[in-house]
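Chain IDs A, B, C and D follow the sequence of writing; residue 1 opens each chain.
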Amino acid sequence: MIKASIIGATGYVGLELIRLLASHPDIELASLASQSYAGRRIEAVYPSLRGCVSKEICAPDAGAIGKNSDVVFTALPHGASGEVMPLLASAGCRIIDMSGDFRYDDPQVYEKWYGQPQPAPEIANQFVFGLPELHRKKIKKTRHVANPGCYTTASILALAPLLKAGLIQPDSITIDAKSGVSGAGRKPSQANHFPETDGNFKAYNPIAHRHTSEIEQELSHAAGQPIQLGFTPHLLPVKRGILATCYARLADRPDEAAFQKAYADMYADEAFITVNPHGDLPELKHVVGSNFVRIGYILDERLSRVLVVSCIDNLIKGAAGQAVQNMNLLFGLPEGTGLMSPAWYL
Amino acid sequence: MIKASIIGATGYVGLELIRLLASHPDIELASLASQSYAGRRIEAVYPSLRGCVSKEICAPDAGAIGKNSDVVFTALPHGASGEVMPLLASAGCRIIDMSGDFRYDDPQVYEKWYGQPQPAPEIANQFVFGLPELHRKKIKKTRHVANPGCYTTASILALAPLLKAGLIQPDSITIDAKSGVSGAGRKPSQANHFPETDGNFKAYNPIAHRHTSEIEQELSHAAGQPIQLGFTPHLLPVKRGILATCYARLADRPDEAAFQKAYADMYADEAFITVNPHGDLPELKHVVGSNFVRIGYILDERLSRVLVVSCIDNLIKGAAGQAVQNMNLLFGLPEGTGLMSPAWYL
Amino acid sequence: MIKASIIGATGYVGLELIRLLASHPDIELASLASQSYAGRRIEAVYPSLRGCVSKEICAPDAGAIGKNSDVVFTALPHGASGEVMPLLASAGCRIIDMSGDFRYDDPQVYEKWYGQPQPAPEIANQFVFGLPELHRKKIKKTRHVANPGCYTTASILALAPLLKAGLIQPDSITIDAKSGVSGAGRKPSQANHFPETDGNFKAYNPIAHRHTSEIEQELSHAAGQPIQLGFTPHLLPVKRGILATCYARLADRPDEAAFQKAYADMYADEAFITVNPHGDLPELKHVVGSNFVRIGYILDERLSRVLVVSCIDNLIKGAAGQAVQNMNLLFGLPEGTGLMSPAWYL
Amino acid sequence: MIKASIIGATGYVGLELIRLLASHPDIELASLASQSYAGRRIEAVYPSLRGCVSKEICAPDAGAIGKNSDVVFTALPHGASGEVMPLLASAGCRIIDMSGDFRYDDPQVYEKWYGQPQPAPEIANQFVFGLPELHRKKIKKTRHVANPGCYTTASILALAPLLKAGLIQPDSITIDAKSGVSGAGRKPSQANHFPETDGNFKAYNPIAHRHTSEIEQELSHAAGQPIQLGFTPHLLPVKRGILATCYARLADRPDEAAFQKAYADMYADEAFITVNPHGDLPELKHVVGSNFVRIGYILDERLSRVLVVSCIDNLIKGAAGQAVQNMNLLFGLPEGTGLMSPAWYL
């Protein structure tokens, strides 16, 4: 049994990790750590776990946790890595980090979008960008994984095949993304107070959301040239799920078969990605509760554009599920172990 | 024009007061006061008001506000009256207080349920319990009004006619009430964080909610004998509205006509109360957005019980609308002025 | 008093018309007509109206209704005009039609997007496209009004000033629009069954929604050249409201002042349109329940693009409210009569 | 591997059965049958299943399905059993029926509450009421199971221990229950059209809901005397979950330890039932997505009453999950196989 721990166990990503790891056949939960809840029991914080998981929450003592764990999931605010990561790394465990701290090829890009220098630069190069569908080989060989952002995962997977195949104009991309409120985390705020959010809808952080830079980095790789794109996140009055509507101009005449082929070339063997037939667009309820990515597209001949819609569960494929998928790769387990449940639909 | 001010203008009840007063033909908004937002403009706090209401928020200087106002609505936490009310009262304005501070005949009942002595006892007797359908005459003659609680209004109006007519057993009452989240106010909390509330439902404060004591006080008057009853509030994942399901044993054989008569005797001339035909129960959407109270009931012959369902909008008939109704009474205006809009339904 | 009737009174737009007309000071409700509910009372179909509106629903006999009315609002499915409109027109009343039947300059565009010939061509030229902010003068002089679509209203008002001022590239427009479910009408369907819609989100009718053609017609006028654009509607799990996120490339270097001027030139005197300061984007709750349009925008220097967000209540400014605004113009009343209530916010 | 089939596979209970059975280690899905969808693929009807379950839907030919299955789950409207069940029974498979048809000891009670004679009386006595926590021994020995209703499960489990221990007055019970909309099934209706349900709340079917009779039957067994009680269902604007608030008068002085013991005596070894400490009431989100039952209670000394709150997921412990639990018992598998996932919380 692999001993897995979570630092930041009481946030929403922590809870999803617990949920997934509790039913993972090869995992034993070692430590659940949280600054604010140390000493309480996890099933008192989340009574939904009663009868399934019972454990005392410990303080986030990275050195000790690293020593008693084979793998540690860190679900901390960005920037917190500076102190924690070196301790974990030198304790010998594997790390799967949910923050943005180690997702960048170029620390200057991090610094520009996060407004602070990249923490723990001495171990940054041990981290691989953990999108298995694009970087599986590198993940299998690395020690630590920087788990991608939620918007990032939905957006990159929608567009990478099209850029790689040269089917869309690289400077024409607009991503209009919509996320459920759990993406903002567990901490209450005026903006996410129920009476303010229910029945509401809004764009936020336009032109400046940090995930823009992650998407650009990865799509630049796919396109083989630097890419800049427009990304606008919106807040849906739902708990979970991300739907990204992506727009681009066609590089050439509309050619359905070429699009189908581009997606098949990259995803035909992927367990978690399904691409719908032309014109059939996925909905949030086709993914919520699961680790699946659903992609659909439609060619607009009149305007010579394409519309791609991509959906994920922000807490699963956009965070905890992808982290477990990465863990499976790190430890040589079948990639889908513990992750094959279908979406809830209701 | 009557000069009306609000102390505590930026909370949800404050916002509803502004909305109602802004379209009231006899009202001029004098001061909008708030501790935390003084100096900002109300339409910046609530952009929904842009183009309709434009005013700078002032500090809650009760003396000054009292002097420049004919009536002041106080929407403050209970207990805050100690400082504010004497200043307002001596400034000569009328007061309509939204808190529990002056709703009690007996200050000891207040002290027992609120855990602190009733503030400003020297002016307490100038306040009348502001449920117009029960106390219209007294309200018209008083200076100040203690506006009833939201659960209170729904519950009392459902049962008072039945107790007055002796149709139910006074010791058999159970009220299972459900409220929208705006009843908990504008301040964010873990419990009312959108991802915690959406899709959820729960009872809270069972057997100990303060409104129990208000309901008992008023229903004791209606029954002509002291009444104790069970009251359990629940939190609905909706923004607005209260639905109270009330249960009682029949005093006698089931008699539909007697029930109809009991309601008609009290409410036949009431503009804001509609009583449905036997067996036709009202729904939240029949009242949300309006000052109306909808009541329905069904006699259960098999068990010799009655079920009464009563619905109000917690922010309107349960707070701001009732306050305006009381203001109309205080100033000799037609009682329904500014309040006759139908519910939104959608 | 102006005698106003509604044909199609029991749908959601009909209900909103009743709500608005019931509190309009110059209106008397003449006939409420509905095929399926004739003979029932409107307050039995919508108990939210009890105590406010009480009227028997009549059959949709256009000739008779036209004769006893000064103005008739027709809220019927598109294509139904063929029979009804000539009867109404020859009865001498004014008509405000909520369908798409008379919105087009060119009947061939109608035929192309609606898949059927434009009905009642003999009276089509008596209808003016009823967007007061663009066509006020013509509306004041006409007999009949073709009330614009909901998506249409939000989209056109967001972009017309920018095209007129030449600030954006006319072939670069993408509109990603999101609507509440009431836009789909009152008739139940699998797609809008509560358990299928709550917590869900999806795009629908991509590249083929009929409102595309209306938006293109009006923005072509504004631009002074033919415009084609991308328009994708999405379904929000909320009851009411439309938010349109509009993307375009800048024609020139980003110039905040020029954008402000473009909006001010067209909307400075408009009672129902508010334009936010640069970077401040409106939310659905800033408009729901009101006839207001809120517009915000942000210039993206990095990509040389602009993002415009526009919000309306789909049933009010997007249907019933705009219809009443048009009625006010037709009858020479102050344009805002009965329409100045602020949004609900909650 | 046990071959399991579902007749009525495309309804919401059918979908939940598929979801649970697909991840059950001992099950192979044999036939998915549906009248209206025969010939289509299940993953086209529910795209949430893509990548997990892929199967053509067959016609509901009970004889053939019975022959190729070890167990058949029937999720059909009540009354449909007349034709289907004898065919299944004689084909030799086990049956787990989700309808009310075989839940009654006394066919006359069925006839009274369902308004029609009990179908297939010749095989009725082969069915056991499938509430494992009350009837485990009998279920293990029977061939067929009548799976209890959703309200039924929540209500019976809340109160049976208290009646068995004589702690409450048997004639004093009131159950105020609230259910999510999925309980009404997949078929769209005006009442459950999203714009009618979102933000709404209502009681329905008061004093006449069929589950009343099931609850009375089982609680009479627990009490050892015939019981009649009040049961009022309400419709919550959520997709899933039932919360039952139960009221009763105490038989004796309030005695916390006696209540704790009563629950422990019956449920201490139950995997799916957790009883909270006195005063700690469960919420919907503590169970939704799981097969768990959460129970909490509070003694009201002032009124000599008790309040019990019980929560389940209506589609899991209230239907599909309990059915799988029963299947595990029928086939001698560990009772929790495939059912131990914690609730989703979000």
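To be clear about the criterion, a residue touches a chain if its C-beta (ideal position, glycine included) is under 8 Å from a C-beta of that chain, and two chains touch if they have at least 3 such contacts.
It should be emphasised that the depicted structure is a prediction, and the values quoted were computed from it without experimental measurement.
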(request) Please work out which of C-D and A-C is bridged by more C-beta pairs in contact, and write that pair. (result) A-C
(message) If you average the CA coordinates per chain, which chain's centre is most distant from that of subunit C?
(response) D
(message) I'd like the Å distance between the centres of subunit B and subunit C, where a centre is the mean of that chain's Cα atoms.
(response) 36
(message) I'd like to verify one number: the distance from the centre of subunit A to the centre of subunit C, where each centre is the average of its C-alpha atoms, in whole angstrom.
(response) 39
(request) Take the average of all CA coordinates in subunit C, do the same for subunit D, and state the distance between these two points in whole angstrom. (result) 46
(request) Would you mind listing the residues of subunit D that make contact with two or more other chains? (result) 12, 182, 195, 198-199, 237-240, 282-283, 285, 346
(request) Would you tell me which residues of subunit B are touching subunit A in their complex? (result) 12, 180-182, 186-190, 192-195, 197-199, 237-239
(request) Spell out the residues on subunit D that touch subunit B in their complex, using ranges where they run on. (result) 174, 176, 178, 195-196, 199-204, 206-207, 228-230, 232, 234, 236-241, 243, 245, 247, 281-285, 288, 298, 300, 302-303, 305, 307, 309, 346
(message) Please output the residues of subunit C touching subunit B within their complex, sorted ascending.
(response) 12, 15-16, 19, 22-23, 46-53, 182, 198-199, 239-240, 271-272, 274, 276, 282-283, 285-287, 289-290, 292, 294, 315, 340-346
